Each structure stands twice: as C-alpha cells, then as structure tokens.
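Each of the next two complexes has chain A plus one more chain, namely chain B in the first and chain C in the second.
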Partner chain A sequence: MSKYSVIGKRVHRVDGPEKVTGSAKYTFDIVLPNMLYGKVLRSPHPHAKILKIDTRKAEKLIGVKAVVTGKDTPGHKQGIWRRFPELCDEEILCRQKVRYIGDAVAAVAAIDEDTAEEALDLIEVEYEPLSAVFDPLEAIKEEAPQIHDGVDLNINITRHIEWGDVDEAFKKCDHIREDQFKCCSQAHVCMETHDAVASFDYSGKLTMWTSTQSSYYIQRLLADMLDLREGDIRVIKPPTGGGFGSKFELDSAQFCAAVLSMKLCKPVKIVLTREEEFTATKRRTPMYYFVKLGAKRDGTMLAKEVRVITEGGAYTAMGATALYLTGFFSSFPYKYPNYRYDGYRAYTNTAPTSAMRGFGAPQSTFVGESQIDMLADDLGIDPIEIRRKNGMTPNYEVPGQAYIQSCGLHQCLDEIEKHIKKRGKLPPNHGIGISAYGFMSGGIFNWFDTPYAFSAALVRINIDGKVDLFTGACDIGQGSDTTLSMICAEELGVRLEDIRIHAADTGICPADLGAWGSRETLMNGNAVKMAAADAKSQIMEFAAAKMGVNITYDLDIKDGWIHIVNRPERGVSYYDIVKEAIRGRDGNVIIGRGHYTPHRKGMISPAYSFGLQAAEVEVDPETGRYKLLNVTTAHESGTVINPIGIEGQLEGAIMMAGGFGFCEDQPMDEGKILNPSIADYKLIRSLDMPETEILEIDTYEPEGPFGAKEAGEGLTNPTAGAIGNAVYKAVGVRINDLPITPEKVFRALREKEKQGKKSK
Partner chain B sequence: MKKELKLTVNGQPYDIYVKPKTLLSEALRDHLGLTGTKRGCNSSSCGACTVVLNGMAVKSCSILALQANGGEVTTVEGLARGTELHPLQKAFLDHGSFQCGFCTSGMLMSSKALLDENPKPTKEQIKEGIDGNICRCTGYNSIIRALTAVVKGEYKEEK
Partner chain C sequence: MSYKCPVCIKVSSSAMDLARHMIGRGDKIHKDWISSKGFKYSELLALQFKSFGGEGYKALSEVLEKETKTKD
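Presenting the complex of A and B:
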C-alpha cells in the first residue's frame, strides 16, 4: 500500500469537467449588465514625441461613451520592480513620448467592439518621430538616441555575479574555448489573449476579472497607478487561458479598462486582438552571449566567464530578473569553482522583453550546453562523461549564492546513457544530442516589496466535513488548483472530492505572489500543508478527548478515518468528529492558517530540480530540413504530487522549448514585428511534435511539501541545446544562433563542404 | 441591416437576426450565449473556435454566420448528454489532454469530426486531424493518446 492516499495518484483535474464541457467561464466569456467594450490606440512609431492628441471626432461617434489618454490618469509610471523607482518606467498610456510600435496612447469605450475600433481611427495624434535604435549592441553606443531621460548609453540594468578567482583559474586550464551565441525572441502565444473586465461603481470600489498569473500583483499595481487603496480593488482570476510569464505584470487591457470604467462608472471589457498580443505585450528576452570556458585535459572545468547583453525593449518589465537568472543559471548544473558573469540590459525601441517560461535559463542552457559539447569534442571526451565529471550533487553550495539539497542529476545521466545505448547505432544523418539542466522552485526575491508572506492559505472545515481551501495561487493551466487540493486532502486525511478550492480572488484569498518562477508547488504547497495541519490539529483535540486515548498515542486521519497510528482499526469517523467539534466550539467553524516565506536558503531559491534530456533528429543534408523524432527526458522534481500534471508540463515544455530551438522567432524591420499572427509565427503543431518519453527519477526535497519541488519551467530549459547538439551529431554543423532553422543548417552544410574542398 | 439566420445548434432550432458581417463564432457566442466556442486568433489559424457544421470541422471564425444558414451545428456544449460525458471528454479527463483549456473545445470538435468520418484513424491520421488546432500547453501527445484510447473502444458511449 502506498504511503499516500491522494498524492501520486492519477486523478482528474479539479477544473476538468468544466473545461471539457466548455462551461468554464474565462474572462473572455464574462458579460455584465451595461457593459461597454474598449479598444486601445497604439503608436505606429518606434520612437516619437507626442505633440497633440485630439479625441473630439472620436467622442462624437454614435455609440462611443468615453475616450481617455494619459491625461486622464494620475500620470504615474509602473513597474514590477517596485523597490527601485527608477525601474518603474512604464506609463502604459503614454503622455509625452512613445518608445515602441505598440505603445498605448489612448483608449475608447463604446457599445461594442466594432464601434470602439471605428473610433480609434478618428483619434488624431500628432507625433514628432525621433531617431530610434533597435539592436542592443547599437543602443549602448555614444551616438545612439536616448530612450529614457537620464539613462546614459541606454543601459537599463547591469548585473554582476562572481566567485573564486577566474583569471588565475584560466591560467591553469589546458584548454580554453571562447564562443559567441545569439538567442532569439519568442512569443508566449497564450491561447486566451490578455483581457480584463473592469467594474468601478458608485461605491468607489473597483472589481476586475482578468486573465492573470498574479491577482495580487495586479491589485497592488492598479492601486499604485490609480491612486486607490489596495483594499478598494478586488481582482478575480477566472479560469485563465495560459500565461507562460506574459501575465503577471499590469498590461494595457487591465489598465485602460480600469481607467475607462472609473470615468464612466460602468463595466468595461477589453480583449486584446491576436495581433496586439504579438506586438503590444511582452516577450522572451533576446540575448547576445560571449562565453569563455576553461578545463583541464581530463574535462574538469575550472573556470567560466560569461558576458551577456540583452535586448530590453522599451521598458524594464521583468527583464531585470531575466538578466540576473540567465547569469546565475549559466553556471548550472555544474560545480564551477571559479565563475564570473556580467550582464547588461539595454533599452531599445522594440516591444519590451520580459519573463517567459524558464526566465533567462532556456537561453543560458542553450548556450552552456552547446559549448560544453564543443569542449567535450575538443578534448575527445564523451558528452555524458564530461557532465558526470562536473555535474552538481546533493548538498552542494554554489559559492555565496545558493544551497542545493536534493539533486538527482547523476541518476538522470545514468538513465539517459542507458537510453542512448539501447537506441544502438543510428541510421545515417540521425543524431542524438543531450542537454542537462536545473531550475529553481520559486525565487527568494522581493523586488516587488510585498509586506505579505510569499504564499499563504486558509483551510475552513464545514459542518459536513467538506473543506474550503483559500489560496492566492493562480492556476493558469499548469494545474495548481489540482496539486494544491491534493496536498490539502493528503495532509488533512480526507478525500480529494471533499476539497473545494477558491483561488486567486483578492477579495477572499490571502495575498500571494502568484504563478511565476515555478513557485507554486513548493511555496503554496507548503502554505497549504501548514494550513491543513493547523485545521487538523484542532480536530484532533476533539478526537483525542472523544476517543479517550492515552496521551502517548499518536493520532492520524486517513481517508476520513481518525485513528491511532499503531492500531488503525481503533478510530472514529472524521465526518462525525467535525460535527461535534464545531458544536463544541460554540459553532465556531474550524479554520487553519498557513504561510510560507523562504528563509536561510541562499539568494535564489529554496530548492532546485534537475534533469537531462536527449533529442534525436534526422537531418536532410541536401536541404537542411530536419525532423525532431524523439525527446526523452530523465527528470527529477522530488516527490511527484500530481503525475498527470507533470507529464503535461513536460510534454508541453517540449512543444514550447522545441519551438524556441526549432522555429519560433520574431523577426523585425525597424522595430516592427513582421509575423504578428498565428499563420506567420511558426509553432510546433501536432504533425511536428516528436515522440516523448519520461524517465522519472526518485528524489526527496526536504524543503518541499511531502518532498516535492518544481516541475514547470525547468523543463523548458534543455530542448534547444539538445536539438543543437543533435544536429551537430547528425551532420557535423554547429548553429550558434537560435532558432536552428533549416536555412541555417543548409548554409552551414554548404560552408562546411566549401571548407572541406579547400582543405583537400 | 440585420438578416434572418436559421440555424440548428446542438439539436435546437434557432431563428435570429444578425448583421451580414457577423461571423459564425460571434453568432454562437454573442447571440446564442454558447461561450464554449473560443476565439484565439479570429483569422482561422489557431482552431480554438472549431465547431462541427453539417458533419465537418469548421473554424467558426472563418465563415459568416449567414453562410451557415439552414445548417446544423454542433458545439462543445452539444457533446455531453445531460450529465453523461461524451467518450472524448472522458478520455481527455483521464489522459490530461488539456491544461488551460482554452483550445479544448476546438480540439474536441476537430476530434469528433475526425472520428465521425473515420472511426479507426491511424496515429498519423489522428495527428493530421488535429493539426489545425494549436495547443500551447500540452504538446499534443496526451491528446493523441486520448484519441487512440477512444479509437480502441476504451470509452463506450452509453446508449
């Protein structure tokens, strides 16, 4: 019999029935009485002064109820790095200047979307175009135009990480490689575009339904921007159609809907179009990488030096965190005794870049895992072997940075080695590439400056034994509602169907940072477990008294049966005891409280997941076209709480990370994104999807609930690197800039042929 | 000037008036309140709005409502019979074939049209059948497993 009754079981998602029947109500589906529809006017210029905005014609259009510009707002600038005012640089509705094609300048509310759209054409904006800069390497030159006042050389942020003596260590290396890489942008492509329904009424309070990864962040940021009190704003997250990092900052749909609703005292709904989604929301950060890696002849890596310049786009957004994490994860998952990172984020006149699943680590993993294969090749060492020699192990301290407790990297290496051996000799033009990775289980950062615990939960036990679980965690599809309900049921000893979760409604749930940085299973899981344990201990007082047990006996609840641990047949029904307990407390329902904030866990995260992925490709050497045949992942995330959830995260990550390696990109011309539609933006579809295999490695994370840690974003890290290494194994060409398109492979093959002929 | 539109949706006849430019997806969502059908792109490239029209999977943002005049439409709301879920819905639940759920209605309707036309598709034909539907969460393989299980007869429709 399994140790657990609920955890590790293949259960249906708690939101499953409503999602497969089409009855789940997303923000996109919400219609309120007297509701108006909003649209946003955006800048066609990458960089321009706003001289004048004339809204009179638009206001006269029949059906238009309000037109607002930056002048109708308190004029604050917002950003998610609230502790650093200079990094709060985005007005959303621009007053003096626009900084990218897509910056918002005005918004309209009308009786329907068509009328609002028509009104946008009637707003006259007079711009004075300014010279613009698009590439971060150009933006940091003296002669480049200044994008934000007071920011010299357009350098938005710099980050430095260092340990050991890098320069001295390079002197001791037998072999040093210096390489350059370029990582492209990527769009999140959430199936539900950004949307919001704002309802400000005569009580002076604002309610917002919105598709978000953090209802608390949106509540707080709206309060900052609108000069309202946090408590006067209630943000509710209905079922949300994906986030992937794009939905935890305040966006133009939310802000403009709120401004319009406050002006009209009527509900206003704004749904971004797919084109706006591509051009006027944030995206993955493109990065230039300059890397120096040194090793002994036997493959022991002694030193690594990394310099990165990222394309920031017009605003800071979450780019500061991406810049930091790409630097930290450039050392992953290896024990570099000497390491130095310098990162620079430059403002450019392009759509702002920010968080996207993996948060800087897919870039660093592509670069790091490509280069380590190149190094292994130079030294004649097997790629598995060099990773085994240098890979992280349990209870390892990243000097001055992080403390790693559980780590199953070496078991993952063993499993993938077996997988490759089993595959045997490959047909011609096939190659298997590997890529190792690790990721954090939630960040220990508080640049948002929250005064609340990072995660909190309340558990209320009702008279019939049913449980209401209140959490600020945001299920954006990744399945936190199910995972947290499972944790609650397991800890309390009741059935999963006894739990009803109420999540991400700031009006009734405790504040919570939301769904980002792979934090919910560990951080919210710990808070939920603590709240459930608190409620349970209150029930146990009554149970012990009722049962009249010796005080040295331990009691527990399993499957609704309160019993003596050593004599499970002696017990009472949980459902009966709850009734009596509540009656005995003068009708006072049982409420358990839990919270979690990491302490003494280094600077990055309380726990890290690890894994190794092997991708097999078949390349056509004539055309450069290649097929992703199989992606096998040995993966460890501590105790598996929700196995169907993990499978979904892993396979879904391969679609997204495979796309990052294979086909997804956002080419631009003078700051204009050239493929802002799903027809033109290439995504992996069912026919391109490789076979996927999962080799789950058993580990236990002491810091996590029931030993669990993250299984969300880390899985996005390895695939691009594995593809690059596989293409190299297949046909001997190395592509250093993403995505690895057939065209690049074709050109590299022709170049290789030319070089081959020359040397003959 | 609004025009009359006669449409049978999930077995229920409707007689409504719509603007000539109203899309089928808009008629279903905004006029009939059937919000299970989603809008992911409004340019017939993502598949979130897929419905079955006269037996064929159709992206309901790609045709005008009036083009469907007199037609029979099945939307995701028409799959379950009362509280009894359709075999595809049960298989999607068991195999975790959805996460955020926003593409799910369209994915189910493409799957239904595929199996109605060809009850024994090969794996390749299943992949082709859902190739017009983008799912950003699952990576498709769990959807393919669900359909395979239905094809194998693991989920019988209760009569």
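Presenting the complex of A and C:
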C-alpha cells in the first residue's frame, strides 16, 4: 500500500471540468468595457532600411483610434539577458531597420478587428531593401551582409564546454567517426496563438492578461521596454492553450497592445492570426552539426568533439541559453571522459529561433543517438550494450557541469531490452530503433534579478479548513496546477478538493520564473511543499496543545485527521482544529510560506530525468513511405505525482517529437516561410499516432518534492533519433538530415541500389 | 598560475580558458585588444568553426600565455 494519500493517484486535472465544458476563459475570450482591437503591420522584406512610415491615411479611417510606430516607444531593445546589452537586440516595433519577413513596424487600435486590418493597408512604409542572408553557413562568410552592426561574421553568440584532454584521448581511440547532421526548424503550433489584453488606466497602472509561460518575465520585460516600474504592471495569465517554449519572451501582441493602451488609456486586445503565429513568433533552432566520436574496440567511448552552427534568425531571443544547453546535452546521457563543444549562433534574415520544448536537447539527442548506433554498427556491438557500457549512473558528476543524483538509465535499458525481445522476429522492412535521453528538472540559472532560479509559494488555510494555494507557477496545459495542488494536499494531509490554486498573477502570487526547462514540479513543488509544511506546523502546535499529548509523540495529518503517528485512532478532525485555531487567533488565517532555490547544484539543474525509447517502423522500400507503428518508452522521473499527467505528457511528446523526426519543417524561399498554415504545415495527427506504451521506472530523487523530478520536456528528446535508427534497421539507409521524410528515404534507397549495382 | 583578462576582471586558470573567454565575449573592448595583437577577430572565429581542434583559441592563447600570466 502506498504511503501517500494523494501522490501517485490517477487524478483528473483540477482545471479539467472548465476546459472540457468550454467555460474556461482564455485571453482570447476576455472582453473589457470600451475595449479596442489591435493589429500589427509587418515587414514584407527580409532585410531593409525603413526610410519613412506615413500613418496619416490610417489615422483618418473611421473607427481607428490610434496608430503607433517605433517612434511612440521609448526605443529600448528587449532581451532576456538584461546584464548583456549586446544580447538585447529586438525593438519589437522597428524604427530604422527590419531584419526578417514578419518584423513589426506599426500597430493599430480600432473599434473592431476588421477596421484595424483595413487600417494596416493604409499605412505607407517606404523601405530600402538590403541584401539578405538566410543560411547560417552563408551568414558566417566574410562577404555576407551584416545583420546587426558590429557583429563580426554575424556570429551572435559562441559557447564552449570542455573537460578532459580531448586531443590526447582521440590518439588512444581504436575507432573514430566524423559525421555531419542537419536539424530542421519546427513551429510550436500552440492551439492558442499569442495574444494579450492590455489595460492602462489613468492612475498610471498597466494590467495585462496574456497567454504566457511566465507572468514574472513579462512583467519585468514590459517594465524595461515601457519605462514603467515593475510594481505598476500586473500580469495575469488566464488558462493558456500551450506554450512549448514560445511564450516566455515579450512578443509583439503584448508589447503593441501595451503601447496602444498607454496612448489611449483604454483596453486593447491583440490576438495573432495563425499565419502570424507561424511567421512572426519564435521557432525551434535549425542546426548544422559536425561531430567526432572516438572509442576503444570494446565500445568504451573515450572522446567526443562537437561543433554546432545554429540558425539564429534575426534576434538573440533565448538563443544563448539554447546554444549552451545544446552543448551540455550533446554529452548526454553518457560518461564521456573527454569532451569538447563549440557552439556558434549566427544571425540570419529569418524569423528568430529560440526555446522550444527540449531547449536544444531534441537536436543533440537525434545527432548523438544516430551516431552512437553508427559507431556500434562499425564495432559490431549491440546498440543496447554500447549504451549500457557508457551510460550515466547514479551519483555521477559531469565534470564542471552537473551532479547527477538519481539516474535510472540502466533499468530503462533492461526494460527496453525485454520489450524488444518480446516483439520477437520482425517482418521484412520492419525495424526497431532505440534512443537514450536525459533532461533537466529546471535550470538553476536566472537571467535577471537573481543569479539563481527560484520559486515561492503561499498557503492560506481558511476557517473551514479549505486551502488557498498561491503560486507564480504557470499551467500552460502541462498540468502544473494539478501537480502542485496534489503536493500541497499530500503535505498538509487534506483532500485534493480542499485545495484551490491561484496561479501566475503577479498582483497576488509570489514570484516564480514560470514554466520553462521542466522546472515546475521540482522547483515550485519544493516551494509548495515547504509552504504547506509551514502551515501544517502552525496547525500542529495548536493541535498538540489541544490534545494534550506527551511531547514524545509525533503528530501527523492524513485524510483530514490529525493523529498520533503511532496510534492513528487517537486524533481530532483537522477541520475542527483549524476552526478553533483561527477563532482563537481572532479570525487571523493561517499562512505558510515556502521558497526554493537550487543554490550550489551545479551549472545546469538540480536533478535529471532519464529514459530509453524504442520506435518501431515499417518502411515501404518502393516508395520510401514509412509508418510509425509502436513507440515504447522506459522513463524515470523519480516519484510519479500523477500517472495520468505523465501519460498525457508522453503522448503529447511523441506527437511533437515524432513530428520533428518525421514530417515537420518550415521551408523558406528568400526568408519567407512557405507553409504558414495548419493546412500546409504537416503535423502528426491523431490518426497517424502510433501505439504507445510507457514503462515507468521507479527511482527517488533526493532533491525533488516527495522524490519527484521532471516528466515534461525530456520525453521530446529521443523520438527523432529512435525513428532514424529504426529506418536504418528496417532498410539499411541512414538519414542525417531532419525531418526523415519518405522522400529522403526513397532517394537514399535508390542511391543504395545504385551503389550496390556498381559494387557488383 | 592565473591568467587575467587584459580588459575586464575575468581571471582564468589557463591561457586557453582565457582565449575562450575573450573570443566568446566578443564585445568591442575584447575585440579591440585582440586586434591590437595583430589578429583579425573574424579570422579567429572562422578558424574555430571550420575545423575540429580549437585552432582559433590555440592561436590566441599563445599570446595570452606570454602576456597575461601572473603568479598567484
């Protein structure tokens, strides 16, 4: 029997009923009195000087209330790395130059969306087109056009990671491989596009309702960009229809709505269209990978060297962090004694690239897991065995980077080995590929205000025993409201339905960095657990006095029953004690406070999840078409808080990561994205979904609340690599260039046939 | 031994580490110092991303070894 009352139970989401009945109010649904509707004018050029913007005709259109350009702003440049001005490079409303097709140049507020749209056509912008560059390998050439002043070779950021003696280690290797890979872009495709309602009032206060992953960051970035004090801005996150990394930077909907509202002192709402969502928000970073891997004959890997050149797009965005994490996760989940990574992010005249679920790890995992299978093949070693020989283990230190406490990778290898054996001999043209992965449970770093990340929570116990939980955590669909409510209920010893969560409103909730890097369960979970424990101890003091128990007895609360631990039948009702305690305090409610910061927990994260995924495909050798039949994942994320939550994360991750491996891409022509609609952008749909199975491995993470760690983004990492390896197993062709489309498989098969004929 | 950045407060444990810092930082003051030593910043970068082995860092670290080494 479980020692927990709430943790580990299959619980439906606390926000489920309002979402499935359609009664949840998203930002899109918010209507305020006298509210106006905004639209944004965007550049049709990938690179051009702005010579003149004439807004007079638009202003005269009946129904138009205001038109703003960059001249109506304080002219600051935004960026999340506020300590490094050269990385704050995005004006949002451009004043002198546009750098990609979709850069914003003006915004309109009108009585309705149609009028605002009509007004955009009346704004006259005179551009001087400049030569542009779209591919990072072209952008870093001496003769390439310069996208930002003073940036040599358009190299926006470099990152370096190294340990051991790589050059010496390669000399000792029996076998060395050098390979090149290319990873494509991917759109986040949130069901709710970026949107915001901004309301600036005559007292000089700005309130914003917006679809975001971090109310905290948006509040601070808005303050910077608008010359307001943070305390004068309140950011409220209503229910949010997806984020996946796209919604924790200031975007054009938020900024333009705020600028217009400040000009008019009226509420302004901006909802990006689906086309804008594809063309004028951030996206996954395309990468060119050059990898050198050396091993002993027995498969012991001695050294790895990685060079990556990424397509940054027009602005820095979260690029610096993504570039570092790409390097860190390129070593995962193996014990390389010698490792070197050099990453370069190049500016290009394309839509900016930034964070997306996995934060660089899906790319590095595809590359690493493809190459390790290639190495195993060269050496005649089983793919499971080579991973077992080199895989991370508990209490392993990644030199100078991270300390890994819990790690269930080897149990995952055992489970997937059993799964593959169970599938038996496969029919012709079927293959099972595997891919190992790991991921962080929140970044230890913060970009401003504090060097370390942090989470805080407040628990208020009311006179009827009901609990209000206040947290800055952002539920963007991943289920953090449910997870945190469960942690709170378990720690307090009350029912889940006793908890009411208030989240992501900077006006009433303690600060939290938000939902990125899979941080909410571990970081906010620890803060919530601590706040609940603080409140609980206050109740216990009163209960102990009331019950008159001997001080040698410990008290606990379980299922609303305060009792002596060793004699659970001897106790009192939690609800009665709370009522008496609060009456005795003249109505003063009980408040518990909690805070967590991963101080001195390495460079990256306080904890890591691990897993191994097996994908089975069936390839048609005539056409190259293939079907993803089964994806089985052995996953360890410490103590499972809510099994339904993990299953949801896994299925969503397979859909997203399978799409990254199989079909999703954003082809461009001279910087113009060619498939900016749901009809043209190929996603894995429900009917394309393979059979999925999750094999949950039992581990306990000492740093996590009740032993839990992340289960959100890590699951996005392995699928592309597993698909690539499965296709190779099925028909013997290796695709190093994502996505692995049927067309690429077809061409590789024909090439293989040609080579076969030649060698005969 | 320690290696002190000639233009900011950064102290590194080796000339290679300091070269990584200076090229990685890439702002005007660091680039100006690199140029004053006869290097072209863009060429050092190009050396780095065109081949394995960290050749750009190595080239700069040879100068830093001579000019920035201090006894602790």
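Please note the rule applied: the second predicted complex is superposed on the first by the 755 of 760 C-alpha atoms of A that agree within 3 Å, B and C clash if a C-alpha of one lies under 4 Å from a C-alpha of the other, contacts with A are read in each partner's own complex, and residues count from 1 in each chain.
One rule holds for everything that comes next: contacts are C-beta pairs under 8 Å (C-beta built on N, C-alpha and C of every residue); 3 or more make two chains touch, one makes a residue touch a chain.
Here the structure is a predicted model, which is why all the values come from computation and not from measurement.
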{"item": "Clash-or-fit label for the pair chain B, chain C on chain A", "value": "fit"}
{"item": "Touched partner set for A:575, first chain B, second chain C, both or neither", "value": "neither"}
{"item": "Larger contact residue set on chain A - chain B or chain C", "value": "B"}
{"item": "Touched partner set for A:687, first chain B, second chain C, both or neither", "value": "first"}
{"item": "First (chain B), second (chain C), both or neither touched by A:344", "value": "second"}
{"item": "Partner chain in contact with A:4 - chain B first, chain C second, else both or neither", "value": "neither"}
{"item": "Partner chain(s) touched by A:478 [first = chain B, second = chain C, both, neither]", "value": "first"}
{"item": "Contacts of A:651 with chain B and chain C, given as first, second, both or neither", "value": "first"}
{"item": "Partner chain(s) touched by A:23 [first = chain B, second = chain C, both, neither]", "value": "first"}
{"item": "Which superposed partner A:447 touches (first chain B, second chain C, both, neither)", "value": "neither"}
{"item": "Three-chain overlay, closest Cα atoms of chain B and chain C, distance in Å", "value": "36"}
{"item": "List of chain A residues in touch with chain B within their complex", "value": "10, 12-13, 15-17, 19-26, 28-29, 188-193, 239-242, 244, 273-274, 476-479, 644-645, 647-648, 650-656, 677-679, 683-687, 689, 691-692"}
{"item": "Chain A residues touching chain C - in the complex, by the definition given at the top", "value": "86, 140, 142, 150, 152-153, 155, 158-160, 167, 178, 290, 292, 305, 307, 309, 340, 342, 344"}
{"item": "Chain C to chain A touching residues, read off their complex", "value": "20, 23-24, 26-28, 31, 41-42, 45-46, 48-49, 52-54, 57"}
{"item": "Chain B residues touching chain A - in the complex, by the definition given at the top", "value": "29, 34-43, 45-46, 48, 75-77, 79-80, 85, 89, 92-96, 98-105, 108, 126-128, 130-131, 133-144"}
